[in-house]
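Here it is, the structure, as structure tokens.
Letters are used for the chains, namely A, B, C, D, E and F, taken in the order the chains are written, and counting of residues starts over at 1 for each.
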Amino acid sequence: MRFDEAYSGKVFIMSRPTFEESKAVIYGMPMDWTVSFRPGSRFGPNRIREASIGLEEYSPYMDKHMEEVAYFDAGDMPLPFGNPQRSIEEIYSYVKRLLEQEKFPLGLGGEHLVSWPIFQAMYEKYPDLKIIHIDAHADLREEYEGEKLSHSTPIRKACELIGPENVYSFGIRSGMREEFQYAKDSGMYMARYEVAKPLAEVLPSLAGQSVYVTTDIDVLDPAFAPGTGTAEAGGISSKELLEAIQLIANSDINVVGADLVEVAPNYDPTEQTTIAASKFVREMLLGWVK
Amino acid sequence: MRFDEAYSGKVFIMSRPTFEESKAVIYGMPMDWTVSFRPGSRFGPNRIREASIGLEEYSPYMDKHMEEVAYFDAGDMPLPFGNPQRSIEEIYSYVKRLLEQEKFPLGLGGEHLVSWPIFQAMYEKYPDLKIIHIDAHADLREEYEGEKLSHSTPIRKACELIGPENVYSFGIRSGMREEFQYAKDSGMYMARYEVAKPLAEVLPSLAGQSVYVTTDIDVLDPAFAPGTGTAEAGGISSKELLEAIQLIANSDINVVGADLVEVAPNYDPTEQTTIAASKFVREMLLGWVK
Amino acid sequence: MRFDEAYSGKVFIMSRPTFEESKAVIYGMPMDWTVSFRPGSRFGPNRIREASIGLEEYSPYMDKHMEEVAYFDAGDMPLPFGNPQRSIEEIYSYVKRLLEQEKFPLGLGGEHLVSWPIFQAMYEKYPDLKIIHIDAHADLREEYEGEKLSHSTPIRKACELIGPENVYSFGIRSGMREEFQYAKDSGMYMARYEVAKPLAEVLPSLAGQSVYVTTDIDVLDPAFAPGTGTAEAGGISSKELLEAIQLIANSDINVVGADLVEVAPNYDPTEQTTIAASKFVREMLLGWVK
Amino acid sequence: MRFDEAYSGKVFIMSRPTFEESKAVIYGMPMDWTVSFRPGSRFGPNRIREASIGLEEYSPYMDKHMEEVAYFDAGDMPLPFGNPQRSIEEIYSYVKRLLEQEKFPLGLGGEHLVSWPIFQAMYEKYPDLKIIHIDAHADLREEYEGEKLSHSTPIRKACELIGPENVYSFGIRSGMREEFQYAKDSGMYMARYEVAKPLAEVLPSLAGQSVYVTTDIDVLDPAFAPGTGTAEAGGISSKELLEAIQLIANSDINVVGADLVEVAPNYDPTEQTTIAASKFVREMLLGWVK
Amino acid sequence: MRFDEAYSGKVFIMSRPTFEESKAVIYGMPMDWTVSFRPGSRFGPNRIREASIGLEEYSPYMDKHMEEVAYFDAGDMPLPFGNPQRSIEEIYSYVKRLLEQEKFPLGLGGEHLVSWPIFQAMYEKYPDLKIIHIDAHADLREEYEGEKLSHSTPIRKACELIGPENVYSFGIRSGMREEFQYAKDSGMYMARYEVAKPLAEVLPSLAGQSVYVTTDIDVLDPAFAPGTGTAEAGGISSKELLEAIQLIANSDINVVGADLVEVAPNYDPTEQTTIAASKFVREMLLGWVK
Amino acid sequence: MRFDEAYSGKVFIMSRPTFEESKAVIYGMPMDWTVSFRPGSRFGPNRIREASIGLEEYSPYMDKHMEEVAYFDAGDMPLPFGNPQRSIEEIYSYVKRLLEQEKFPLGLGGEHLVSWPIFQAMYEKYPDLKIIHIDAHADLREEYEGEKLSHSTPIRKACELIGPENVYSFGIRSGMREEFQYAKDSGMYMARYEVAKPLAEVLPSLAGQSVYVTTDIDVLDPAFAPGTGTAEAGGISSKELLEAIQLIANSDINVVGADLVEVAPNYDPTEQTTIAASKFVREMLLGWVK
């Protein structure tokens, strides 16, 4: 053992030692500047890494071992405190560079607004991009309290960017009337309350497509993920989310990137939210990176 | 903005400014004097109000906005500490006055004993009253440790008041043998373990009736509502309770009042119990006040 | 009331006053020396006892009152700190003596390694012993970090002791590839993810057999039992575990002993884990001790 | 080891096995029926016992080992829920019987009202009784919200019973103006904010007297004892309270009984309050029981 | 009792019913947009109000009852999420209007940056303004991560606004070398580590002056106030802060306004931080509003 | 920014990128196998690192910036679970190698037993070694429950290794009578209850000597460090420990290594223990590494 090999618990387990040899890159976006109710998701990425120590390296769901997927945990981006505009620019250029180097970006939030610059970078590389959005909230607002850059707007902006017909939302159980109306009128796909069943129905129609998957941990019922900023009762179980990840893994779609956002560990002294989140990250790595 | 308009977080969101213009009245009963195991529900009403800040004002379940229902949050009643008898009298006369002014009473407990004086006041106004009771516990004891006024007795007292055949219990999974025996012998309706399915079966037979609905938060599994005094494993999910509220809203019964009791926030550092409870209150307001 | 009758909250409720008059014996094994991720199960037994105060003495699931089963709570064994080998020897000889006196042993862990010496003692008394194992983890490792005595190995050791064809695992969702491979190759029975449904299928084939049942609380999803050392997302609900206990109670197998392990109360400030665990213990007592 | 010797963690460590052979008796009074702000002290006695496991049996402060004092932990009295009047009667007759058998009563609360019936029983045995009262609150109210039996009144009642000139309060930093006025006018002794220094001054004048000492844990700053119902900032340190216990032990007064009240463990997830309380109990046993 | 008189727990206790009749105004600034380490002070003001229910209305420190000071709790200002610039403008104009109506402003943070616009408004009314600053942190940075508007800069900006010779800092134990250097070079007053002793020395020289007092709760050691964003070990006790408030009350300075900032209740499950903060607010009201 | 420069929060802040260029080395020993009461210190080192993000890089106590001391955070040693003997051997050989390379070892525990192999390695390099021991507990047992390798024995073993006259203990307030007797009889130095004052008296006599300093976080009162396994009421404040670190820094002794042990973060949801510990580490680095 060399002294600098002694590290443990600081990167997601089984991270490769160098960026170069990896296919996928885990990166944290510790930003919660626009969160209205309960901030704290800036601590999400590091606590997910810490919880990963408790993970088994083999997944019986995927019948795959973490050695079989080469990924590198690049740590958290330094983001300018309290400045959403500049933070978004940083994320955008970071992901652009990841894509230039042919990496699969697996981002950890932070608030959901972090997905917006990722969508932009992905769309420039994949002009036929589809987005699968798994969340309790529609996130279809045009603005929130006068701000267009908010954790309530990223899916609306996605619709405007790639066309609402290319956006598929699952599990939605909260939003303004205008958001549900927009979902109906615009032609986007929205499944309320459930995830696995509607996903199983939709996935065949996306076969062969380039798809980015963005998952807000609050799609889970607060019983399964109390550590989040805007917990919303009436959600799905961890079991259903694991099933959804498996459905995507077993489908014929081409996942080109993914994120998991809104883990706010301070609201959950039991640590079950980060423990569950680290398992979802493992499953995404094993099932979606090809 | 005037200075006295600046209030926030002190009343249930979207409360109308005056009592007069409202159809329904939210009122707190901060009493837990007879709780045997883990007290603390006296803090329930205010924490439910606080959590309401995180609610969306529109409900996709009911397709209705909180502006469409006029209600007033009247705050917590001052109740005499440690004195169940006098507290019950206070609640009784408070609800009597609400009913005289044709308000829909939506009470927040407090321990379940608070429902007993409400039943009395409701029954005097609606002689054909039915009671829907959603709870983990039968609450059918004749007395508890020698006391007739206890959080374990209100449904028994209800049966004696309005006749057991007019009481419908759902979700029951705990009680003495005598309570289950009484349920069988007396002719009251009792569904064990489940809520939504038996409710769907029973509701048609109650069409057109005046019904008071009392819900004990502990009907939920502790996973979904750890913040309660007598948590009982093996309960229903938040999803099922939301479904039950919807079933009642879509039925032909005439809901004349309701309460939600036994939220004890101190046992739940994740705050998920109050977050869920505030959503249930929103759904009751939107679905049941007509 | 005599002064020494005033005790409360120190033994599992309704424990008989003497060892002699009891059929079953509850005993604690406060050991967590080999726990790799989050220790603390040494406090499990006493907190389960404490939580038992909140239990109803009658079970509607079993239609039985705790007076109908004679059991004695013998407290926690004194175990040598940090010494797995000697702790195992202590447990072995303790259970041997219980069996000599024809008691039904109901053990409370402690980490899962405590079950290994119990298996040995049981097997010596019941040479045709079968084991039902309800758990999130396969626990089939040959060794863990070089140690054969580990909380990850007891079921492997059980297979070697009584033959893999006599071991039935349920609810498994975590393990090394080698463990799942061993399960397939060895001829043991393993049901993944689910408990109640496969149990209902398997039980008839075990009719008339002597069966020991070992339950790791982490078979539950962390939502239902956050207070455990190696919480694993995607588990079953408390409702399903209660159903499993009932299935066994109603089957024709001969339960000869049982344990409930890995309750680590410090990770669960809501106390829901110990509250649920004490209910499972009640159901095991009422349903399995005959 | 016999099976019934295996108990641990259920009584205060080093409790003698029988009542008869003991000089002092530890008894719990799990009552918090009149607590206005944050109830929960009913759980205090058992959690103090549980925390006693972490204590060293020898005290360097007293240079004494717990073997040198014979005491018996009699557990918690069963008290009628929510009924202060009957609870007080139970405590009174319990302590009477302890005194008849020449035991030193060391009571664990529960709310401070539990001290009132103890004062009565003590006074009947010791007509020259003095009371040392260590507390953040004056507890000198005539009534609280119309109730004479309240956790805010016991010291006033003590003054009326034994004469204000026989009551000595220390550490007081909260009360109504009327209470501070009463303290001045009545001739009782009251030291504000501090405990050890004024105690050192007063003790010599009490030499040879029979003194009962009642200590409310909230005399400590909430930093040192957050687990209490009416935490009051600006208090003393644990060090100062240990010093006070030592001053009394080294004085020439005759301590005839004592209590420690208002430990409410649920407000303190760090458990430091019960850990500190169990140490104070050890010091009282070693220093005051002669 | 009228229905709209039933409110409780929503305003600081003893708040007058109308703005007009009050001398002082309590107002909340729920802003934590620029907090780098642990956000959450946006919830401070409401939790301080909630904790005020537990306060005694009379202060033995000041020998004064809360009836003797007329104040109005105006609730929390609505501030634009994540936008420090606009939030600052809102606070500025709000305080300007308070001062125009001759109110004593008593502000509750929120992060320390909220004090900056208050300083501006105060200085316009009191051109000879002095500032007493009680804090663990120097807050003298010119900018933080490129931002001039940060919770680390308000005292530097104050120095630039009213002249460093008019700023008095107490309790400082954290900052950059440049900040301590600036303190030395600029001629401002800075007392390290301690508050009460240096304050007693400085106050006489400020006799007759108009002084604004800004207090950051983190001047307390984390033992006394764990609920804050940038807890810093080695601080003062609650007792010393109470003494400091009293020293100011008894001095000849003219306090013209005050604030208490950085209470972040989510980091403190014991609630001792808000309990202490509500007491400090009471003492400021009773001692400083004349 | 390169991708592999993006790390944050995984090493103690300001760690140099390579081992070679550093003078001091921070290393974690995540071991708590022999802890009797409340395990969990294995998580201490990583949480101290995480909390270091909140530290200011400059210390006003030392008037020094962290850039001025070259240190490398080598992460946690992998230690064999549940095996004290092998863990001790690993630590011994690790520290030997650090010393061979002329590094200043700054170890983070883990339980106090980790200091024993360090003492051995230090003594081999410095035959005139003195040990300063700051702790609540004497740790002078010959064995604990039959085990010589226990968290209660390291100082006894140190006395036997380097001679009791070379061991100086401070702050001791808990132990067996035999331990205090040994301290008296053996000729070692022991100061009870206090640290700073006796340290100031002793330090001059140690001028010019090679001294290893071992600090157990539980020397602090639980109010200041609730996150530890065997919290002991009546301890010193964070302020006094900071003063002690400064006294050593300003003395003429030659500190040759140090450790900080027994931080168990799970018992402290406020995180104040790790926040304070990270500050103590900063002060040790700045004041002791020369």
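Note that a contact is a pair of C-beta atoms (placed from the backbone, for glycine too) under 8 Å apart; a residue touches a chain by one contact, two chains touch by 3 or more.
Given the structure is predicted, the values throughout are model-derived calculations rather than measurements.
**Q** Quickly list, by label, the chains bordering both chain A and chain E.
**A** Output, common partners of chain A and chain E: B, F.
**Q** Considering only mean CA positions as chain centres, point out the chain farthest from chain A.
**A** The chain lying farthest from chain A is D.
**Q** Interface overlap for chain E and chain F, more than half of numbers shared or less than half: same or different?
**A** Answer different: the two copies use largely distinct residue numbers here.
**Q** What whole-number Å value describes the gap between the mean CA coordinates of chain B and chain D?
**A** 39
**Q** Approximately how many whole Å separate the CA-defined centres of chain D and chain E?
**A** 37
**Q** Let me have the rounded angstrom distance from the C-alpha centre of chain C over to the C-alpha centre of chain E, please.
**A** Comparing mean C-alpha positions, chain E is 55 Å from chain C.
**Q** Residues of chain B that touch two or more other chains: which are they?
**A** Correct list: 38, 221, 223-224, 267, 269-270.
**Q** Mind giving me all the chain pairs that touch?
**A** A-B, A-C, A-E, A-F, B-C, B-D, B-E, C-D, C-F, D-E, D-F, E-F
**Q** If we count contacts the way the header does, which residues on chain C are in touch with chain A in the complex?
**A** The contact residues of chain C facing chain A are 37-38, 172-177, 180, 192-193, 221-224, 226-227, 230-235, 267-270.
**Q** Across the complex, what residues on chain C touch chain D?
**A** By the definition above, chain C touches chain D via 1, 3-4, 6-11, 18-19, 25, 27, 46, 49-50, 72, 74-78, 97-98, 269.
**Q** How about chain D: which of its residues touch chain F in the complex?
**A** On the chain D side, the touching residues are 53-54, 56-58, 60-61, 63, 65, 221, 223-224, 237-239, 242, 269-272, 275-276, 279-280.
**Q** Could you list, by residue number, the parts of chain F that touch chain C in their complex?
**A** 32-36, 38-40, 42, 80-84, 144-147, 150, 266-267, 269
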